[in-house]
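Next come the structures, one after another.
Presented sequentially are two complexes of subunit A, the first with subunit B as partner and the second with subunit C.
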Partner chain A sequence: MHAVLHAIVEPGFFSSSNVQLAVVIGGLVAVVASGVGVFTVVRGQSFAGEALGDIGAAGGSSAYLIGIGPLWGFLGINIAAASAMELIGIQRARGRDLATGIVLGLGFGLAALFLYLGTTESNTTGAPIQILFGSLFLLPSSNLPLVVAFAAGTIATLITLYRPLMLVSVSPELAAARGVPVRLISAAYLLAMAVAVALSALTIGAILSTALLIGPAATALRLTNRPHRAFLAAAGIGVGCTWLGLLLAWDSYYWPPPRNGWPVSFFVVTLVLVAYLASGVRRRRPAVSGS
Partner chain B sequence: MAVTDEYALRVDHVSVELGGRPILDDVGFELAPGDLTGLIGSNGAGKTTLLRVILGLLTPNSGTVAARSDGSRRSVGYVPQKFLLDPDMPLRGRDLVALGIDGHRLGIPRPSRRRRELVEEMLAAVNAEQFADTRIGRLSGGEQQRILIAHALISRPRLLLLDEPLANLDLRSAREVVELLGRIAHEQQIAVLISAHEMNALLPVMDRVVYLADGRAACGTADEVVRSDVLSRLYGHRVDVLRVHGRVIVVAGDSDDAEPTHPHQHDHVDVF
Partner chain C sequence: MFSGFMVNAWIVSTLVAFVGGAVGFFIVMRGSAFVAHAIPNGSFAGAAGASLVGLSTLIGLGVFSLAGALGIGLLTRRGRHDVATALSLVFMLGLGALFLSFSVEYEPAVLSLLFGEVLGISNNQLWPTICLTILCLLVLGLLWRPLLLDSVLPDSTRGIDPFKLELAFLGLVALTTTMTVPVVGTTLIFALMIGPPAAARAFTARPGLALALSITIAVAIVWGAIAFSYETYWPIGFFVGAFSACAYAISRVAKAARRT
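This part shows the complex of A and B:
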């Protein structure tokens, strides 16, 4: 038994404090991003989520430039971008895609500038990689209270919004007729999405952050048609992919070529894709009976 | 239905202007409990505006709308014309019906036996039990209508509004939905108001008609309203009502031609 475990888990995984921190933060973030992502997928806001992730690169790099934690940068710019999208009119499909696309371009431009300034000044090449592609093993433990607070806040928001948001997602007209403040509920959800993407950017990087938002949710929606189960399944898949990704990344230090581990984010997004494809195979049968 | 003092809805001298354009002009009528009323008019006649006024989503420039409620129920149930039903939406028919109980409240619903029984009862009332566990996005148009009707009815409203419920239905589904609505109106003593640009599907069950044209309304029974003289006065020009094989056909002349026109000169025909 011990030998089998050793074959799967290379030495030091469970005793490393870096790993323990990564498991806790990665798990929390996965629950938040995947849960929030269920509404992102059914509301057709995947592109807005992707844009928030990309814009987050500018926030992370500016935080690096001025010397504060990247999470503050991700959060600040994502919340600002979400507010801008809401004001420009994210509710209308065409205006939404155009507005998102334009803001997204600006975000990348700023990220390029800040990373250029930052790296030429300090002569490190690690920062761009960390901001764009994440660094779960290298997170300082000072992030933990922040992540816990924002994760708890986002989950509480999602639970609070659940019923009216579901109604708004079915039909804004129907929700309005029942006295639901449609605009307010939609804006609050967009804000929750901005925070979820920022948290996700901290763990798997700004560029890849939407993978955790969209992938587990899309997979869960293929597996169940019940609302509660969809959220639980999405969170479970997100956490599973993150933890398994951590383990594989740890193990990869022992793979050839020596002394070079593979990035956690690579494993996480690959596992998310594998889960999505696998769920498609499972669904093929019931899909025939539905029409 | 006999005329009573008790009304489920009273619309009184309602006028609405949007962007300086008159949309509704001194519209007034009453709906009695148990009556199924057709809100008939072509596109742009003001049907949707009137429904929005009744729902309280739009404040009229003048006039009043009163929905009588006994306090313990929501007074108005509503079935919108457009709804987004993504096939991936993780919502079964029965989940959407349950959202009719308390979907406007914050938080997640707590399951209870009473809740489940109420949902079952509503699903049975609209004959939706056999597809209640399918995702709403995968249901046919007629099945979705029935789920949405159950969603609206579960709060036991006194008034049920439906915006063009037959617009995207095939003839058979439309007939089933109309029969269902007629039965609900009479059995549950609910006033049902159905907007439609096509009157014939509603004729077999319609107790009364509110006919809208250019923002003005005529109301009464179908025999009182759907007549050449009444509709000509409403439209402000000559309109002929033809009855063929139990169907009603309204033939309208040119709108800026106040003189009666000959049938072969008609360039615009509305078939109701």
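This part shows the complex of A and C:
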């Protein structure tokens, strides 16, 4: 029994302080991203989420340049990008992808510039790869209070907006007819998404951050039609994928090739995709609200 | 700026811009910006994998962009289009992260793959690029009528399976990706395929004219980007992204001005 357990969990997993921190931050971020993501999937805004994540790379790299924590960079640029998308009309269904794409192209351009300046003008070896692909085990503990604060803020926003946002997402016309401020609610949601993506970028990397936003939520919406259950299921799947990913990455130090472990982000992203595909096999009926 | 090895850079990047602007026209017409972002971006994993096993970057890019196009095409048959695209993309990027962690590639090499390195275009890239350009234009010529019809009136293409047409279109995007990535990088080819056609369509509604305008703007953007990149040593991707956004902004302003 002990030997089996030993084979599954390589020694030192639970006693390492890096792992403990990663488990706490990773779990928290997974809950927030998956919860916010349920609305992203229902509203069909995956591309906006993806774009925010990618643009975050510009924020993370500029943060290194001016010497502040990457989380502030992710947050700052994501909120700026979300505002830009809102202004040039991302909320309208027609031409929405195009507006997102233009902002994304510009954001990527800036990321290219900042990462280049980071590698040539300051000595931040490894930072670009960390920004792009994440490194959950290497997060400094000073991030914890910030992550807790922003996670709590995002969840509070989501709970406050819950009813009108659900109505706006499922039927904008009906919401407008009933006097719900559709544009305001949508803008507020876009901001919440920007923060969720920033948190996700901190854990699994800027260009992979959509995985936690979209994957668990899409899986949950395939499994259940009820909103409350979808949120719980999404959070559960998100946390499960993150924690299992952490465990596998820890174990992978003993896998080939020697001298290094496999990245956590790879496992998280793969598990998310596997969960999504598995849910598709189990049930092929269209999920909540169609579209 | 126009001597020696830079001549290759000018030729290759002009071809790249030409094809990018042409294929981008259909991407904008069909509203498949997300796919156009996902396929080149995901093909990064192919390049990383190829360098790991010692193959040519072009082969890695080709295999992964085609596999990505096929995967996205199949996954989107069931389930939500945008979700399937997003998950395929992040999975490929995750693989890329894995390959990177195995390899001993230097950071600048990785960054030049992501964001483009025009000075890195070597002699032996010239002929593959020319061949791929001809192939892309041939495929585009074959698909021109059905694609145009399908983009404007989705149900009007009698006799052609829309799914097959979509797959063929994704294949075309993958082909374009393969030839363009080594120049402008996996992330910025997208800006080149979206900005110019979006700007062109704001100026004219006639497809032939819009296509020509889109190609012209794309070539202008790339030429400008090379010149600036050469002078400043900044990555070419930055200029491509910024100029594309500028072209789009100008077209929006011009359109608004004409309307009033």
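One rule holds in what follows: the second predicted complex is superposed on the first by the 279 of 291 C-alpha atoms of A that agree within 3 Å, B and C clash if a C-alpha of one lies under 4 Å from a C-alpha of the other, contacts with A are read in each partner's own complex, and residues count from 1 in each chain.
By our rule, contacts are C-beta pairs under 8 Å (C-beta built on N, C-alpha and C of every residue); 3 or more make two chains touch, one makes a residue touch a chain.
What you are looking at is a predicted structure, and each value in this text was computed from that prediction instead of being measured.
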Item to check | Superposition on subunit A - do subunit B and subunit C clash or fit | outcome: fit
Next on the checklist: With both complexes overlaid on chain A, does A:L104 touch subunit B (first), subunit C (second), both or neither?
Outcome noted: second
Checklist entry - Just subunit B (first), just subunit C (second), both, or neither: which does A:P140 touch? => result neither
Next on the checklist: Just to be sure I read the superposition right, which of the two partners does A:L208 touch: subunit B = first, subunit C = second, or both, or neither?
Outcome noted: second
Item to check | Chain touching more of subunit A, residue-wise (subunit B, subunit C) | outcome: C
Checklist entry - Is A:G67 touching the first partner subunit B, the second partner subunit C, both, or neither of them? => result neither
Next on the checklist: Looking at A:G44, would you say it contacts subunit B, subunit C, both, or neither? Reply first, second, both or neither.
Outcome noted: both
Checklist entry - Is A:M166 contacted by the first partner subunit B, the second partner subunit C, both or neither? => result first
Item to check | Where the C-alpha centre of subunit A sits as vertex, the angle toward subunit B and subunit C in the overlay (nearest 10 degrees) | outcome: 90
Checklist outcome for this item: Shortest Cα gap between subunit B and subunit C in the overlay, whole Å, is 8
Checklist outcome for this item: Overlap of the subunit B and subunit C interfaces on subunit A comprises residues 41, 44, 218, 222, 291
Item to check | Touching residues (chain side subunit B, partner subunit A) in the complex | outcome: 55, 57, 76, 78-86, 88-92, 95-96, 99, 102-109, 133-136, 138, 140, 148
Item to check | subunit C-facing residues of subunit A, complex | outcome: 41, 44-47, 49-51, 54, 88, 97-98, 100-113, 115-116, 119, 125-126, 128-129, 132-133, 205, 207-208, 210-211, 214-215, 218, 222, 257, 260-263, 265-266, 268-270, 272-273, 276, 280, 284, 287, 291
Next on the checklist: Quick check on the complex: what are the subunit A residues that touch subunit B?
Outcome noted: 38, 41-42, 44, 159-164, 166-167, 169-171, 173-180, 218, 220-222, 224-230, 290-291
Next on the checklist: Please output the residues of subunit C touching subunit A within their complex, sorted ascending.
Outcome noted: 28, 31-34, 36-37, 41, 78-80, 82-83, 85-91, 93-98, 100-102, 107-108, 110-111, 114-116, 185, 187-188, 190-191, 194-195, 198, 234-235, 237-242, 244-245, 248, 252
